[in-house]
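Written below as structure tokens is the structure these notes are about.
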Amino acid sequence: MKRTITVTINGETRSDEIEARLLLIHYLREVVGLTGAHIGCETSLCGACTVELDGKAVKSCTMFAVQANGRSLTTIEGLAKNGELHPVQEAFWNEHGLQCGFCTPGMIMASKQLLERNPNPSEGEIRHGIEGNLCRCTGYQHIVNAVRTAAERMK
Amino acid sequence: MATTAAPPATGKLVGKRLRRKEDPRLITGTATYVDDIKLPGMHHACIVRSPYAAARIKSIDAKAALETPGVVAVYTGADTKEVGPVPCGASLPGLRVPHHYILATDRVYFVGHPVAVVVAGDKYVARDAADSIEVDYDVLPAAADPEKALTPGAPAVHPEWPDNTAFTYHQEGGDIAQAFAEADVIVKQRITSQRLIPTPMETRGVVADWKPGDKALTLYSSTQIPHLLRSLVAGMLGLAENKTRVVTPEVGGGFGCKLNVYAEEALMSFVSMKLGKPVKWIESRRENYVATIHGRGHVDYLEIAAKKDGTILGLKLKLIQDLGAYHQLLTPVIPTLSVLMMPGLYRFRNVTADIVGVFTNCVPTDAYRGAGRPEATHAIERMVDMLAAELKLDPADIRLKNFIQPEEFPFATATGLTYDSGQYDLPLRKALEIGGYAALRAEQQTARVAGKLMGIGIATYGEICAFGPSPATPAGGWESATVKVDPDGKVTVLTGSCHHGQGEETTFAQIAADELGIGLDDVVVFRGDTAIVQYGIGTFGSRGTAVGGPALYYALQNLKKKLKRYGESALGSDDVRYEAGQCICNKTGKTASLAQLAGASYRALKLPPDEEPGMQTTFFWEPPNFTFPFGAHLVVTEIDRDTGRIEIKRYVAVDDCGKIINPLIVDGQVHGGVAQGLGQALYEQVVYDDNGQLLSGELTDYAIPKATMMPWVESHHTETPSPVNPLGVKGVGEAGTIGCSPAVVNSVVDALSSLGVRHLDMPLTPEKIWNVIQQGARA
Amino acid sequence: MKIAGTQTLPLSRECAYRAMQNPDVLVQCMPGCESLEATGAQEYAMKMKMALAAISGQFQGKVKIADAAPPERFKLIVEGTGKIGFMKGEGALELTEAGEASTQVTYEGDVQVGGTIAAVGQRLIDTTAKMMIRKFFDKLVEVTAGMR
Amino acid sequence: MIPHSFDYAAATSFADALEQVAAGAKPLSGGMSLIPMMKLRLAAPERVVDLGRIQGLNYIHQDQAGIHVGALATHFEVETSALLRAGCPLLSETAGWIGDVQIRNRGTIGGSVAHADPSADYPAALVALDARIVVASKRGGERTVGANDFFVDALTTAAEPDELVKEIIVPVETMGTSYQKLLQPASGFAIVGVAARIGQDGHGRLGVTGLGARPILITDATDLAALNTTEANSDIHAASAYRREMAKVYARRAIAAARARA
């Protein structure tokens, strides 16, 4: 049975008719056409699908799209404003916080959440803040650097 | 911590710590990976896989699936028998190659073996229908462990070869009998290098798009080898290569597991050709763990012979390689790379090695980051440490004593290689200095007195990179580059390398910009589309920059020659030089810019003598040799006696990858490599039960390192240029992985040596260490 | 996976043995078992619905009793396959008298699990198997209460 | 990755949720356990009732009975609640160990407690705290179950199929507390986790998760002998013997840390 949901995504409100079992990540990627968030597992461990739901980082593979009805989402595509990269994006670029880039959108969203809650994180706090996001390329060190420099920028 | 910035407008870019050109699309979520491709009329495939490691297929009932609304087709092995087989690119004398159908026909050989494919307009529907397919299996006994598979009476993986032996291989050099006869001491050990799952964050994925009108196939695949994939898939399907196009979009990590040709690539092509519609298949992580190759899977029996003073005389190896059920593209050659690397950085010239390749009812093994070299290095570096312990020598001293010396290069090894260049003591001495080795040893003494288990581990490694001279590789070991200058003077590089995260859009642009004297932003680097890029080999074996880079360099030299000839024509002089983005007349000082020269070449009004119009060159470069990077890693650990948990207190990596094009990217490669080496050393482990069920079948049970599990890596370098190529580069993709695992294990064994421990196999889980400590305490 | 344990039943050994061979008793005691239909001597086709919190799945399989040596020992073989995986358990049960109307059952066996449940359920398989055995015996005590 | 079809309804109130659960719907709270199982098709409920839109059930407030934590309070809310951090820091500390940031943002205490995963973190704290779990049904109204009685077996609680967890009541703390956890590195679940409440005299109680099918309560923290005989789980990540020893090691650590805070 299909139902209609209304969601605000990156500031724009839209309505779609969907199946109850449609996962939020599939809704974003295939219905809305925002393919920035990725799918890297089915056990909610990799974090590649991380988006913000009402300001909180969530794994969009572990939510049904119906659960987002009436709520507000921010995806990686919504971070840059007026052609200006978000400081976390800029920092990932400057510090080489990515290689293949597949985990990067989720990693950036998790890092953004981390800095919103803790503007001055230690190395350990950064590592804990992104432990829900797996990266197989970087060994995380340049990501840690990126979050640190983003924190500086955002002060 | 060095912060990078936008590159300078001009000046030398090679050697600079520059941020990457490819990143803007990746950090904004606007890059295109396979799963992001959406074609008109596209259908979705779901694959039914065997839950059994060994079974006869009695029947397949797809009636319910075919009746599911939205399902357009179901295919089984009976439909696809004519396609393929899945290719094995390796040839070894006497190699037994089972016929590898793209879908199982009468029998399944491993958990995950594809049995049927369901196609529907909607992927949710395809998944539902796949569930309704009933396969009746007659379950057979399985052989899941390579050593057990070799014992008489073990279940035969392939009934036609009851001994489960796919091949045996022997190589020797020098006089091993003499070496062992002269030895004062012989150390023996069984050392395993466990099966690992490569786990790129992006699983595999394929979109096949058959255009019935053109009778042409476009195959989008997350692969490291687009051109080889085109050749091989075209062959599997009986298509002409010029009617087969492979497009490699963004690739979310490969680490060797996408250096392959998989059943699904041909299967989706087959389906698209049958249906005349584009078909997408995206591997789930579950599938990725059971159906994409695994790495490693060694059991090594080693013996090292030495003099009392620590001089190494020779090494014997018996290597049992777990191949899995089939040969994928390079499966049987991976252990032969281990044999090539057996001498490591050491001067001894006597080796003998025997490999037994064993079939098991498990997913095939193949290249995973380092492919054969981490296994070899791990074994040698453990043996050297055990030898040092036996002789009560310092592990650093015994290495320094045995290193090949700088004046001995090029050095011919006992395994038939010629090492290009090296100053092997440099990274070790540097690592010891940075680590404060003497002070660490003193600290360790104090710690021991206080009852603490502190360890200091050293591993030095040599690597064989830049695969490779064509005679040494199944498909050709050269690489290609095209450089095009458009009429506006902007430059496009088409490389046959197929980077997937290594940053070659940036490093290649640095090389091109420097050679042409233009800015980084004036260069675009393009790869991964066989319809656009000239034939190439691909990115693996640390060859991207080490083989693709020189190809680009030579293409640029030819381009500069051509530019000079146009410059001579434009400036009316034969005394012209190309410099800083323009041709300059040495006599008059008059100049013609790159844009003017390129423009003139396309207008073709004043063609230089014997010159063709257009400003483009292509170069296929055949490397004369491999390159041999090297390095030293030093790891300080402390072990919690109560729990067996290992804490890494210091990690110092000194890597020599020849000339460095971009230090930022090189550090990133080292960090990532170390993470994968550390994964093997401490966490990662494929667990098959005796029936061939994969128990570590998801990220919930297979632990790749998280941010919290990684130490801070102090990454340093020495730079010994390679004489093999004009850039002096050697390659760095696999270095960290190779150096890491022996350094970590040596450190942990060092920490536990006071309890009488001389060797431990990976992964060093807390439970394993705790058990060792309990035994030590009892002893 | 190896399983082993002991359980005391408040029944005489003969009684306990008979109960454990009785398909009407087994169907009630095996967690999730919906039906047992005889397909041969001491061999039954089984339908089972496993439900453990949210985890659920239908299994089809068979139950077989082998090596019967009444009233001392027998072998119980249970196999089931379903969409979420398959399991095969083989256990040797030994009954010893433990006083009047009390029997100690010692079991030892091996459980194989495959498919999705094996690949993703590692953390829970051991716990679940033990729980199923516990439930089996608890129910056996309950069901046989009137048989004394 | 793709679940079976199901009927979905969002509960408009707790009463509505009870009605739907009584009619056979599977409750969906944060979904952190249920949705992965549905994606792997290990779970296939025909009807799902979404509790996520019930207003106000994520409360955390204090009265004479203790601190009341509404079932829909997320792990993040429990972790960061000023009231809990001051009044029942053990629960906050334990919440901070669950999964990762994203999971703590979505997962709820009610969902976790109802799921009763043998490796979950909360059960250790709840039995140590002697917390009370309020469950409710349309049929029988509300009843309160002590935590140690609530966790019955692996994935099995004292709640009937038509009952939902409504709130958890924890005491206002008078002792020093600590939660210490040995992580399984892949999943982040506890190989063992020990919650301790210890007085200055070193006496107190412990809750242990991960060791057995259900959390183990030790009422006398000076005597860990019970851990020697408890049935201990075994899997590819830790054999029984190691788990048992680690339970003792982490118990000692939790006791020491808790006592230091007493």
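Order as written gives the chain letters A, B, C and D; numbering starts at 1 within each chain.
Assume a contact is a pair of C-beta atoms (placed from the backbone, for glycine too) under 8 Å apart; a residue touches a chain by one contact, two chains touch by 3 or more.
Since this is a predicted model, take the numbers as computed values, not measurements.
Here B-D and C-D were compared by C-beta pairs in contact; the pair with more is C-D.
Averaging Cα coordinates per chain places chain B and chain D 43 Å apart.
Put simply, the C-alpha centre of chain C and that of chain D have 31 angstrom between them. Centre to centre, using the average C-alpha position, chain A and chain C are separated by 47 Å. Rounded to whole angstrom, the centroid-to-centroid distance between chain A and chain B, based on C-alpha atoms, equals 29 Å. Residues of chain A in contact with two or more other chains: 19, 21, 39, 42-43, 45, 131, 133. For chain D, residues touching at least two other chains, in rising order: 1-2, 4-5, 38, 40-41, 184, 186-187, 236-237. Shown for chain B are the residues in touch with two or more other chains, namely 124, 131, 284, 286, 695-696, 698-701, 704, 706. Chain-to-chain contact here is organised irregularly, matching neither a line nor a ring nor a star, and falling short of all pairs touching.
By the touch criterion stated above, chain C contacts chain B in their complex at residues 83, 85-86, 112-116, 118-120, 122-123.
Taken in their complex, chain A has these residues touching chain B: 19, 21-22, 29-30, 34-43, 45-46, 48, 75-77, 79-80, 85, 89, 92-96, 98-105, 108, 123, 126-128, 130-131, 133-145, 148-149. Listing the residues of chain A that touch chain D in their complex gives 1, 3, 19-21, 23, 39, 42-45, 47, 50, 53, 56-59, 61-64, 66-67, 69, 110, 113-114, 129, 131-133.
Residues 1-2, 4-5, 40-41, 182, 184-187, 236-239, 242, 245-246, 249 of chain D touch chain B in their complex. Residues 26, 33-34, 37-38, 40-45, 115-119, 153-156, 184, 187, 189, 212-213, 231, 233-237 of chain D are the ones touching chain C in the complex.
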